[in-house]
Amino acid sequence: MKVSRATILVVTAAAGALALAILGLAAASSSGQSAAYKAPRTPDGKPDLNGIWQVMNTANWDIQDHDQRQGPLYALGAAFSIPAGEGVVVGNEIPYQPDALAKKKENAEQWLKLDPEVKCYLPGIPRATYMPYPFQIVQTPGHTLFAYAYANASRIVYMDQKVEPQIDTWMGYPSGRWDGETLVIESTGFNDLSWFDRAGNFHSDALKVTERFTPISRDALQYEATIEDPKVFTRAWQMRMPIYRRLEQPSRLFRYNCVEFAEEVVYGHLRKTPKTSR
Amino acid sequence: MRAASFIPAVGIVLLLAGSSARAHHAFSSEFDSNKPVDLKGAVSKLEWVNPHAWIHIDVPGSDGKVETWMIEAGSPNVLLRRGFSKSMVPVGTVIRVKGFAAKGGTRKANGGEMTLPDGRTLLLTSPDSGAPEEKKK
Amino acid sequence: MDIFGRRRRLRDNLGLVIAALAVTSGPQTIGQTNGIPRTPDGRPDLQGVWNYATEMPLQRPDEFKGKTSLTPEEVARFRDDAAARRRERASGKPSRYSGEVFDDLLNKADWSKGTSLITDPPDGKIPEPTSQAAARRQARTDAFAAGEGPEDFGLADRCILGWSTGPPIIPGNQSNVLQLLQTRDHFVIYTEMIHDARIVPLDNRPAPSPAIRDYSGYSRGRWENDTLVIETTNFKPQGVATLTFRQYGGTDENMHLVERFTRTDAKTLLYEFTITDPTTWPRPWSAAVPMHQTDERVYEYACHEGNRSLETLLENARAMDAPAKKGTK
């Protein structure tokens, strides 16, 4: 008996869909959202993340839930005090080991003196993502550039290559790959000098960060960062937040070269004539 | 990998000392050629940073008091390309360093020749020798 | 129903899907001309890590005055002198280079074609500066000598802008590596010192407002046949690190820079630049720097974070202020 054309068409379509599913082209994001959005493609067929992006949250103040409170300098009043905000830590708990928790509290108390941001030091990962400044992604098949406005920080992610850390770095040694619609970046080789926020959350040089960038619409990404650090935390934990596209056209990243603004903090005591205090 | 030949290129002009006694070039502390030092002590800390790596050593004085000196080496990026990594001088390693003290009275010195416990020597700021074994990986 | 027939169709369809995927997800470089790979939009692919260390100085050495090429004997003597200087430096005696390490391998230059990286003016020298620039040079020298505060030192001393980043990119004595990334819309020049990602839009947009300036200016690029041409303006008054040294008089906010990138073969990139800065030099000047493909990586060069050098420079300056005071730590 001959198979009807309609049956052949249905079966072919089903086979095609099955093939696509098998080949993993369905956009299943790790956050459990159903495979809805597929971003436009780059010439090599990958989701196109090129553009300028920025978060809109208070994570840089404190990655956990926080109430509003007075900032560090009375003279700056409301211009530099801390607004309330929900945290970006999944479950809101950061699983510090007991000694490490004490250090976090000490960091928070001495924030003005200890936070590397005050000195315009490189922000590390993932803090660079959620500082209140934009960053730009330029994407090629072999490499993905992240250029951050803050402190001219940047990193080049080597795609589909195992990267061996050499010198300890602030921004890590990132190695990237595509998992369906998601850009996955694993980084190690960090020093222990950067913080996660202005609230004193920190890490050691055993840090490993796994990031996932998933387009959820034309102008937004879902971002997840998994933190593993056996010297500081009792288990892995995660941050999650959306990132939004800067829509101004033409778009350009204006760099925040802040080193000169930190010189008084770092070298002021070595000045011949002290600056009058501001 | 030995360089067949070398000219500092722009470096020559960049690093010109100039007439002022206080003139220096970028990325280098001023040294005093009248203040040679020959220090031996245990590595207490490594700052493997740019623009210069710094090796802290605890040097026992004749009076028994320990003085900590900071020895300046070159950029870790360049040292790395030559096969010299900080794992070669872990904390606790007793090294000998010859160099010249910085002006200003602080216990800092330009690292010249460094001698490791097994007798190998390494010039911390020279382009000629890389890893003590003089071989590239 | 013919079971085998159905299975065969399933396999055929799967095969078609796979084939379709292969076409759309192939490598970015799809063709080559003269050994130079091209991108899908037909441009020469300039990407890779490039080493621009060179034995040839920016300016023609005085010993070669009037010579636009060298004989093999002259080249050999030049290299022997350089090796002798290296040996002396390796002896550990203090020298102006103490405290530095240099790139080991400097690319050999083709001395039959020139005796300086500068190609114009014909004498291979940076032109004499204007009187305004000479005054600025003197002011920078004086400030440098006094060292009253961090801003009296160069941008490179302060770890604000690396020597070779510029732009223009001029070879120095270390970290002479950069990485280039290229898409249809952007070109990225990533210099190691100091982790500088210069992102150049390729859509012929105008320069930003003159109110907004960067130490490296703001760049925009376009293709002229197989050469990428980049124009940069909007520099800050301090000028770029390489050229702020006293000897050169420095650049200023009026610099208009044109750079050209041409891949001459699979392993070589020709980088050329022309500086027009009428308040610094009465005429433009140009240079050409060959760059060689390398399998090195660009490593992070965090500078300000560990800048004990500036701390030491300032300590020394304060000690010179008060010679009677014997500071000990």
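So that you can tell them apart, the chains are marked A, B and C in the order they are listed, and the count of residues begins at 1 in each.
FYI, a residue touches a chain if its C-beta (ideal position, glycine included) is under 8 Å from a C-beta of that chain, and two chains touch if they have at least 3 such contacts.
Quick caveat, the model's predicted, so the values are computed rather than measured.
A.B. asks: Which chains, if any, touch chain A and chain C both?
C.D. replies: Chains in contact with chain A as well as chain C: B.
A.B. asks: Which one chain sits nearest the middle, judging by mean Cα positions?
C.D. replies: C
A.B. asks: Could you please state the distance in Å, as a whole number, between where the Cα atoms of chain B are centred and where those of chain C are centred?
C.D. replies: Here chain B and chain C have centroids separated by 26 Å.
A.B. asks: How many angstrom lie between the CA centroids of chain A and chain B, rounded to a whole number?
C.D. replies: A distance of 37 Å separates the two centres.
A.B. asks: Touching at least two other chains at once: which residues of chain A meet that condition?
C.D. replies: Residues 166-167 of chain A each touch two or more of the other chains.
A.B. asks: Tell me, which residues of chain C touch at least two other chains?
C.D. replies: In chain C, 147, 159, 194, 299, 302, 305, 315, 317-318 touch at least two other chains.
A.B. asks: Considering chain B alone, which of its residues make contact with at least two other chains?
C.D. replies: 77, 80
A.B. asks: State the interface residues of chain C toward chain A in the complex, per the touch definition above.
C.D. replies: Of all residues in chain C, those touching chain A are 1-2, 5-6, 9-10, 13-14, 17-18, 21, 24-28, 39-41, 47, 146-151, 158-160, 179, 181-186, 188, 190, 194-197, 199, 201, 203, 205, 208, 212, 214-215, 218, 298-300, 302, 304-305, 310-311, 314-315, 317-318, 321.
A.B. asks: So in the complex, the part of chain A that touches chain C is made up of which residues?
C.D. replies: Listed in rising order, the residues of chain A that touch chain C are 1, 3, 8, 11-12, 15-16, 19-20, 23, 25, 41-46, 50, 116, 119-122, 136, 138-143, 145, 147, 152-156, 166-167, 169-171, 193, 250, 252-255, 257, 259-260, 262-263, 266-267, 270-273.
A.B. asks: Please output the residues of chain A touching chain B within their complex, sorted ascending.
C.D. replies: Against chain B, chain A makes touches at 166-168.
A.B. asks: Would you pull the chain C residues touching chain B in the complex into a rising list?
C.D. replies: Touch list, chain C to chain B: 53-59, 78-80, 82-83, 85-87, 89-90, 92, 94, 96-106, 108, 141, 144-145, 147, 154, 156-157, 159, 163, 170-175, 192-194, 241-242, 245-248, 296, 299, 301-303, 305-309, 312-313, 315-320, 326-329.
A.B. asks: Within the complex, which stretch of chain B touches chain A?
C.D. replies: Touch residues, chain B against chain A: 48, 76-77, 80, 85-86.
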